[in-house]
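What follows is a pair of complexes built around subunit A, which joins subunit B in one and subunit C in the other.
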Partner chain A sequence: MKSAEILCIGGANGSGKSTLAQICAGLLTPSSGSVYYLDKKVESRNNLLELRKKVGLLFQSPEDQLFADTVEKDISFGPRNRGLRGAELDARVRTAASLFDLSLEELGGRSPFTLSVGEKRRVALAGVLALEPEVLVLDEPFIGMDFDARQHMQSLLGRLRDDRGTSIVIITHELSSSWLLADRYALLAGGGVERLQSRSELVEKERDLIALGLRLPQWGVLANSLKEMGIFVEDPADPLALARAICSIREGSDGR
Partner chain B sequence: MRNDRVEQILVEGLSFSYPGAVREALSGINLLFEQGEFCAILGRNGSGKSTIARCLNALIAPSAGSVIACGLDTRNRGDSLEIKKKIAMVFQDPDTQIVGTTVEEEVAFGPENLGLSAGVIRERVDRSLRLTGISNFAGRQPMRLSEGQKQLVAIAGALAMEPAFLVSDESTSMLDTEARQRILELFLSLKEQGVGIIHVTHFLEEATIADRVVVLDDGRVREEGVPADVLYDPEKVSDMGLDPLPVTVVAREMSSMGHPPAGPVLTVEELLSCILA
Partner chain C sequence: MAGKDITIGQYLARETALHRLDPRLKVLAVIAGTVVIFLYDSGWGLLVFAGMLLLVLVLARMPLWPLLKSIRTVWVIILITALLQFFLTPGKIVFSWGFLTVTDTGLYNGLILSSRVVILVLLLATLVMTTPPLALADAFSSLLSPLRRLKVPVGHVTTVMSITLMFIPNILEVGRKVMRAQMARGADFESWNVFRRVRDIVPVLVPLFVKVFNNAEELALAMDARAYPESGVRTRLHPMRIGVLETVLTFAFIGLAVGLIFVF
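On to the complex of A and B.
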């Protein structure tokens, strides 16, 4: 991972997504091989504890990590556990809540279990962010969320990367929700990770994706079909470029 | 089709409020579902999608209005079992409905409760396993299967009741593309065999293969029609709280460049065929 980037790791059900997420966050240790953090191999128990401090994990199901009887207590649990009290704790909780557009005045006293899926994920993430991790690992962060909630989450994650320099790993079977957000992509298959760089490279792997049980979003499928017709669209997420390419074919020009 | 009569579910003036809720979850819904049709129900979270699914097979009764399912009124508690036989339901999380220790036992569970003879139960189980393509793991433990396979087991269990309708409440939402594709192909083939499919989903691409799309918003029917009519305008679609299909966004850009596609397009194939035309 680089700093201030969003890496999307695609994998089908059963490909090891959640296992990888938990290894990255130091909750599981590898049977063989190693995890490096800032070029340092994570091997001793101290290293592992250090890794856990640096990497925050959002579970696929927010219910797996929410437990307090109010939103405010849930967000403050981590930093309180690390010994923060008083104004410092309060500031930490407020900052984390505001990063995820959560109003403590409005929601702070409510039980997290009465919230919508999108709100629950944001509370769980605020709880993770309150520990000020450098890397966030998100296991299927968009599942079960509707368009508005997904868009909201996408813009919040983009802001975290751009304004705070947080590195974010999104592990998912559904590439379309991260299509406009991710800077780099990787695929998880047969227990291994294939590293790709850009959306364009992912688009070229359409067949591999299908073989893995995944699929490109319509954007990518369209860009690939156009490529087969001899027109290369540089950014397969740009509707204007795709529309221009199609219009150029219709006009009979060469598409340049 | 098992008989010539086409069964229907008639929803008239349906309203529903959850106990203690300030707002109605559904208000004044009128809809008609028929056997042999694939209807997709879309809508943002909280729009009433799951609530209407639960009203269709008498899991919950209307606060006002009525649901007449295959000639039976869901308000009549005495008909509840008969309705559940005719209108089967599968949910988002198959773990919530799987009880058997083997796949075969699980699929046989429904017909056994109907008091059918051993021979008939056997026939139904075999047919359901075949239809869903899971005959080869009849003896396995459902809990050790993948999510997609578990969902197929849940559907096989539903089909063993030989229902007139299958109501899917986001049954594809946790699945990867391959598993999702399998379920959708199964729905299409069941439809061909006369089963009415009512599929609640978040994914617009799944709705493009439906015969009809119903969009709920704030407990009301906001749009209803064939997919091309309801889903082609990206602005209208996002206003309904749904993800516009990328193809429709590209088509809008083409229109603004003075080159609109010949008609509404929802799929890559449809868009590209307008180039070749």
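On to the complex of A and C.
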């Protein structure tokens, strides 16, 4: 993957998405094939430990992994494990918390178990970000979140890529959750990825997606329906472009 | 990877004589074995019992490696049991280093007690690895059925037991997942530093307990929603039947084990 891009890995249930996420983070070793990081093959135990430092992983339902008695302590767990103490640790925790709109003054002393799902997930993400990974792998990051929390998380991830240049891998079974966020897509099928695709390529290959047990978001389906009617939409993810295309049908039908 | 060798409580589907043996007989044999190993006065009784157990496992073509791995899971308990006996039992001093002294009685007691723990773990692992959780719960239900006359809720007890047994592999999987999640945050469960490993257990136990209690609560509510507790007497699709030969062999094993108490 490129630096400072968001890559979405899609696949149906049981296609090996979570296993791939853990392999990416150096927590599991593949039964076949190899892992490369910056063109260097990850072979030895030392390579694996190095990989763990470079790649941060947020597990599916990360709220299940919170354990400390306060939010601040939970965020500091990772950097503390890496030997950070005092002002440096404090700065790391504050930066990570602020990146996810978490006010330590307000939430820092609270138990993470008392937070909402969205807040818990942001605390867990801040805990991973506090390790300052070069690549962030998120396993189903939006699952179980309401609309507002999901929107909030999406905008935070976008900021992370744009402002800090972090490369992000989003692993999901529901492409619509990261449709406007991802730069490229990889679809898991038969234990592998054929090739990386753009959003418009995915829209063109709707049947391939259905064969893999995945579905296009509604606007992609709409764009394809419009295409069948002879109306081409350049960017199917752009609501304005879709609206214009629909309006063009109205204009055609009533002569305006 | 961390946690992969935890084998306690996991049924191992194989085709061995022990797997086919009626679960009630296996439970009786394990209960008898558990009692007698604490009644042997000398190490000889334990040694002969361990030999008998090994013979049964070999004759039944039971793979030994998974059983031995179950001992590895509790090695810390075995070690602590032995060390406490070595250093804290009064007797004739055979070795001393600073304030630590090892006595002959301590050495003997330590070896006997840790052998008892090893045999106990082997017995329980044999039972659990050769009996599917539901069959085990059915066995307890059948063995406890006379208590129904005393108004003991045997049905509820065995339901709780079967759910607990069925959830052990699930809890282990959650534990493994939490361990990997904390490893992603820099926890080190593979470190040689024992203090660090012990310290890093807390971030695993807290989320594990939270998850297990939440699951238990959800399951209880789901069972409630599906009209539990049921009324009426439950019947079985496949009633359990005990063969003559397996009964004779099991009671011969139990009889020999009990007989050893009087020999040694």
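Heads up, the rule we're going with is that the second predicted complex is superposed on the first by the 246 of 256 C-alpha atoms of A that agree within 3 Å, B and C clash if a C-alpha of one lies under 4 Å from a C-alpha of the other, contacts with A are read in each partner's own complex, and residues count from 1 in each chain.
As a working rule, contacts are C-beta pairs under 8 Å (C-beta built on N, C-alpha and C of every residue); 3 or more make two chains touch, one makes a residue touch a chain.
Keep in mind it's a predicted model, so treat the numbers as computed, not measured.
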Partner chain(s) touched by A:F77 [first = subunit B, second = subunit C, both, neither]: second
Which partner, subunit B or subunit C, touches more subunit A residues: B
Contacts of A:G158 with subunit B and subunit C, given as first, second, both or neither: neither
Footprint overlap on subunit A, where subunit B in one structure and subunit C in the other make contact: none
Of all residues in subunit A, those that touch subunit B in their complex: 12-14, 116-118, 143-150, 173-174, 176, 213-215, 217-219, 221-222, 225, 229, 239-240, 242-244, 246-247, 249-251
Sites on subunit A touched by subunit C in the complex: 22, 25, 27-29, 52, 56-57, 59, 62, 64-68, 77-82, 113, 127-128, 131
Contacting residues of subunit B [partner subunit A, same complex]: 44-46, 92, 146-148, 173-179, 202, 205, 238, 241-243, 245-247, 249-254, 257, 259, 267-268, 271-272, 274-275
Complex interface listing, subunit C residues touching subunit A: 1, 174, 177-178, 180-188, 202-207, 210-211
